[in-house]
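Structures are listed in the sections that come next.
In the two complexes below, chain A is the common chain; its partner is chain B in one and chain C in the other.
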Partner chain A sequence: MRNRAKYVAFFVVPAFALVGIFVVYPVARTVVLSFLDSDGKFVGLENYIRVLSSREIINLEGLSRGFPLGALVHNLLWIAIHLPLTLALGLVLAVLLRNVRGGAVIKSIIFLGMVMPMIVGGVMINFMFDRNLGIFNAFLKIFGIPAKSWTAYPDTALLALIFGSVWLWVGFSTVLYSAGLETIPKDLYEAAQLDGASALKIFTKITIPMLRPITIVVVTMTLLWELKVFDIVYVATMGGPGGASNVLALQMYTYAFRAMDFNRSAVVAVLLTMSTLLVSLPLLRTLRDDQS
Partner chain B sequence: MSRLLVVAVLLLATVLSAVTLTVIGPWAGPEMEKFMPVLQEFEKQTGIKIEYKIYRAEDLANLLPAQFAAKKAPGDVIFMWASFIREYGQKGHILTLNGVLDETKFLPGALDAVKVDDKLYGAAYTGKVKPGFWYRKSFFAKHGLTPPTTWDEFVELLEKIKKIPGIKAPIASGDGVGWPLSDVTEHFLISFGGPELQLDLIEGKVRWDSNLVMKGMNKLVSLLKNKYFGEPTEWTLVLKQWWNGDYALYFMGSWITGMVEDPNDLGVFALPGANGVVFGADYAFVPKYTQYPEEAKKLIAWLCGPEGQALQVKQGGHVATAVGIDLSSYPPVDREVAKIIQGVTALPDLDDSIGGEFQPTFWDQLKLLWVAPDRLNDVIRTLQEKAPKK
Partner chain C sequence: MFVSLLGWLVALVWILPFMGVFMTAIRPLDELLNGWWNFATFRPTINNFSGAWNHPTAALSRGMLNSLIVAIPATLLPLFLATMAGYGLSRYRFKLRTPLLALVIIALALPQQTIAVPIFQMMNALNLVDTYLGLIIVHTAWGIPWIAFFMRNFFTTIPKAMEEAARIDGASDITIFFKVVLPLAMPAIGSAFALQFTWVWSDFFLALILIYSPDKLLATQRIPLMRGVYHVDWGLLSSAAILVMVVPIVVYLVLQRYYIKGMVGWSLK
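And now, the complex of A and B:
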């Protein structure tokens, strides 16, 4: 028994030590930093009030005057547009490509966006919406819509990034849904067909409910990505113009490495961590329920 | 056999004792090609090897604080913003260069930006001037255009250019990180607010919503509203477009002379009434954590001394900060630049001098102004929030 305890300690202590040093300590230190001023004095919630009341995070004037609306609102917009689009597109593509010859190849091509480093993705989004080089403008030209650099204007910069990132992320949901479709028993479909159910009925009454666990994973992972999105914005617009495409992770970076204000940066980091925890909880609960 | 062993040991000792200095600078492509001969000359004269690495100042601003905190440095001689050198010099991460450089051999004020209380934390290498709007002489000749001497003539010129078939806009707008737009904006501020305004803004003595600032900004906005400036486009891409005739004018620093096919076809004019010009020196420093402090100091003294600077200006696109560089060292087109700046006040770059959070905000707000000139008041308010305050 004593030997077993020794073995457990031998294998577990290094892992705990690493997690402690590289995860627990930095997280705890960040939380502490968020309550201190630059001289290390405790200031309570002052940093939080300062950050949350700044126009960079929430810009109420933007509601009447247009972008920027503030990094927090931009992240919420990202979620509101990007999440349903990637979810729906991924599901539709997975279903459509299920029984198509060469579907696997098409899925691989779609997945390329996901495999590509997001930094490269950001550069490509910039090209996609560029006035001279962009495929988007080439498409609009067919309908006589004049070309412009969509990422250069405050009212379109964020939307261009969001729609561009759908292309980058949809491969993830497509692949997961494709795998999920394979797990649905074929006899369910056969029984439904024998009962005369329409294709739409089969899709809404069998496919979607049976894919619920996959949907939860896709929603959670996509939400987490949307909350911490940084690289695409950094490369494509640097949060501009005039902060019109700024997001929380980029603001955290700006506070830390441009303003050298690690306290305000820590506040944004804590807010982001709390948001991701909130998002992750349903996934953890579902996984626990599934296991039990 | 024993003789062979001695030779081998000696060879090994020589190899191990060879010093290789790492120089970090922002220049890549054609700009780097013009810098390398200077480094190679130093290698030839001293036998000290040099490895050159390219880092943008914006990236160094992220990298260096963490490296310094770990008592490390990625290079032995690093080119960086003056504001950064001053700040981290005071924090003790940079070696002082007092005694290494002869301060009397530099243009008056050239070293002020890297000096704090008589402690010299950096050295001024050559600089670049941002003299005004560049044009192709052949383009102007073809369309019967002449450089303006008054503001009204300038606007007339823009209107004429706008009507030329195939022109996207009279003035090209360089985009990217954001500095091309800030350079042209500074030129307007200096032209309509006077050279003192630039210095006062750097020191936070004047507000962004003051009449002096607004005078320059309103002039700029009037041009933006009339679509005389093109849509912001990546600055090297738009340089090619301008050269190919998509635009007629391009506000850029003197390094442009090294980036075009035929520098002799270049002409440049400042805004009428501009009594100051931004002279952006390239500053270098030796980090405290260098392995070779003496060799690094030797290099920086040579680079920033008359010999290194003369060799650099000879390559084109650079203006010396050291005194006594013979004008014949300059290529003809740079001599033209030197003539333009005669009799006007040389000024430090506004956003490089302020640095910090203001710099990216300034760049970003100008990107907004360029596409939404109606939002001037929003831009001014944001700039005032981030500007230094006295």
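And now, the complex of A and C:
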């Protein structure tokens, strides 16, 4: 085709020019900033050493004294609790709701957590765990456990946020798994039933393996979300009390726009980006398979 | 039967916080002291809503208007540019195609924190800090990768026969795109619209670093300001939370089919 280059330029260049200027360049600039001092002199890995050895990021003393454990550890803890819970709950709900009258309505309700702005999500979490109005405390009262605002104490602030964020995010895994279940051919189940397989066996030998591609996507997206979590923490606790619920994204913001230290904030941003890129490698791989 | 009961029990657990926030928003403070679930007396009021709407320092009436002023162009602009880019990526083979696709996927993974400081400095140099134009530009650039990826995936699934027929009739590729392809792509564009609009409306971080004049603050930025300093005014905060989340929830309910398709397609390619 004679005019091919012209058409490629027409379709692709405007969009990618913007991405180049306002996404790619800033990322590159952040990487550069992470190796400079405040006067713009190259200092090698000095910023990295300073940040990684600071108590805001990793607080080893916390291991014996309790929270804060440092933003990096908090993010890892978020992943360790939130990821298995949302995956398991999402899968169970997707399977369960298939056989429930009005299951679609229930799914829509559960999905609302994904639709609301996360800044509102943070308010909702605070509300659930509030001393006077929180449904969580009303529930605990049945067992005689005294009420308190769980997000306001160092020991429980982070855990309250993490469990609250399960409530927000389960809609995602539920909806994706529900879509995935639809794609499993019915005759697979029928054949298994004819062979006399138990429900548990069918679940572990057919359902779970067939959902593998969906699981990869759900895990990737959930990990990305857990690493990037910001709004919830900002509005619910501001990372407090005393840094007890701090996370990397918030620490980057604090370094950059509170302490005005663009170099240390760049280090946190680079560490965060490296983690998210590592997590999204499976998605990049699907692209490579696509090119054949 | 048991399964249905369990299912609706789950729904109840998920909806309780919404009911709580709603009850807190429509009831006066003194009725809430024994819990919003206590209905010994029930005198609904709209004082909390009007309080949040006309808040002296963080009025939501202004905030929601501001959010709309940002969200509409910051949805349409990337939608238009990225639909073209997605078409280009799906229909032409050129040297930079695979690198661009890889770039798109990498951009999907990036945290906004990675661009924050340089974006602030660039906007500062362009005199665009604390302007909606600056914020709209960043949202546009930030939205393009995922929409382009999503649209490209959509275009690879639709047959090229109609486009080739139009080409034989002598139409140029640009005419074909606008006359033949765009009408076919409307469902996918609807999905991308629903998601991009909700995400821009819900954005907090980019607004936080770029917009700071009190009268220019967006709706999401006003939520943290509603919280009192010494005690939390839950009536006010709940009303504000409802007002701000109602917009994306309405978009979701109205465009539910597109929304879920977008969500699933966006991540399942």
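Definition applied: the second predicted complex is superposed on the first by the 283 of 292 C-alpha atoms of A that agree within 3 Å, B and C clash if a C-alpha of one lies under 4 Å from a C-alpha of the other, contacts with A are read in each partner's own complex, and residues count from 1 in each chain.
Keep in mind that, in the parts below, a residue touches a chain if its C-beta (ideal position, glycine included) is under 8 Å from a C-beta of that chain, and two chains touch if they have at least 3 such contacts.
This is a predicted model, so every value here is computed, not measured.
Once both complexes are superposed on chain A, the partners chain B and chain C clash.
In the superposed model, A:132 makes contact with both chain B and chain C. Once chain A of one complex is fitted onto chain A of the other, the partner contacts of A:148 are limited to chain B, with no touch recorded for chain C.
Of the two partner chains placed by superposition, only chain C is touched by A:230; chain B is not. By the touch criterion defined above, A:239 lies against chain B but remains apart from chain C after alignment on the C-alpha atoms of chain A. In the superposed pair of complexes, A:159 makes contact with neither chain B nor chain C. With both structures placed on the common chain, the touch criterion links A:24 to chain C but leaves chain B unconnected.
With both complexes superposed, C is the one of chain B and chain C in contact with more chain A residues.
Shared-chain residue A:254: touches chain B; no touch with chain C.
Contact with chain C, but none with chain B, is seen for A:7 once the two complexes are overlaid on the shared chain. By the touch criterion stated above, A:219 is placed in contact with neither chain B nor chain C. Common to the chain B and chain C contact sets on chain A are residues 132, 257. Per the touch definition, chain B reaches chain A in the complex via residues 61-62, 65, 175, 177-178, 231-233, 356-357, 359-360, 363-365, 367-372, 375, 378-379, 382. Chain contact summary for the complex, chain A toward chain B: residues 55, 65, 131-132, 148-149, 152-154, 238-244, 254, 257-261. Chain contact summary for the complex, chain C toward chain A: residues 3-4, 6-8, 10-11, 14-18, 20-21, 24, 32-33, 35-37, 78, 81-82, 84-85, 87-89, 92, 94, 98, 100-103, 105-119, 121-122, 137-138, 140-142, 144-145, 148, 172-174, 177, 198, 201-205, 208-209, 220, 223-224, 232, 234, 237-238, 241, 244-245, 248-249, 252-253, 256, 259-260, 263-264, 267-269.
Across the complex, chain C is touched by residues 3-5, 7-8, 10-12, 14-16, 18-19, 21-27, 29-30, 33, 93, 96-97, 99-103, 105-106, 108-120, 123-124, 126-128, 130, 132-133, 135, 138, 167, 172, 175-176, 179, 213-214, 217-218, 221, 224, 227-228, 230-231, 234-235, 248-249, 252-253, 256-257, 262, 265-266, 268-270, 272-273, 276-277, 279-280, 283-284, 286-287, 291 of chain A.
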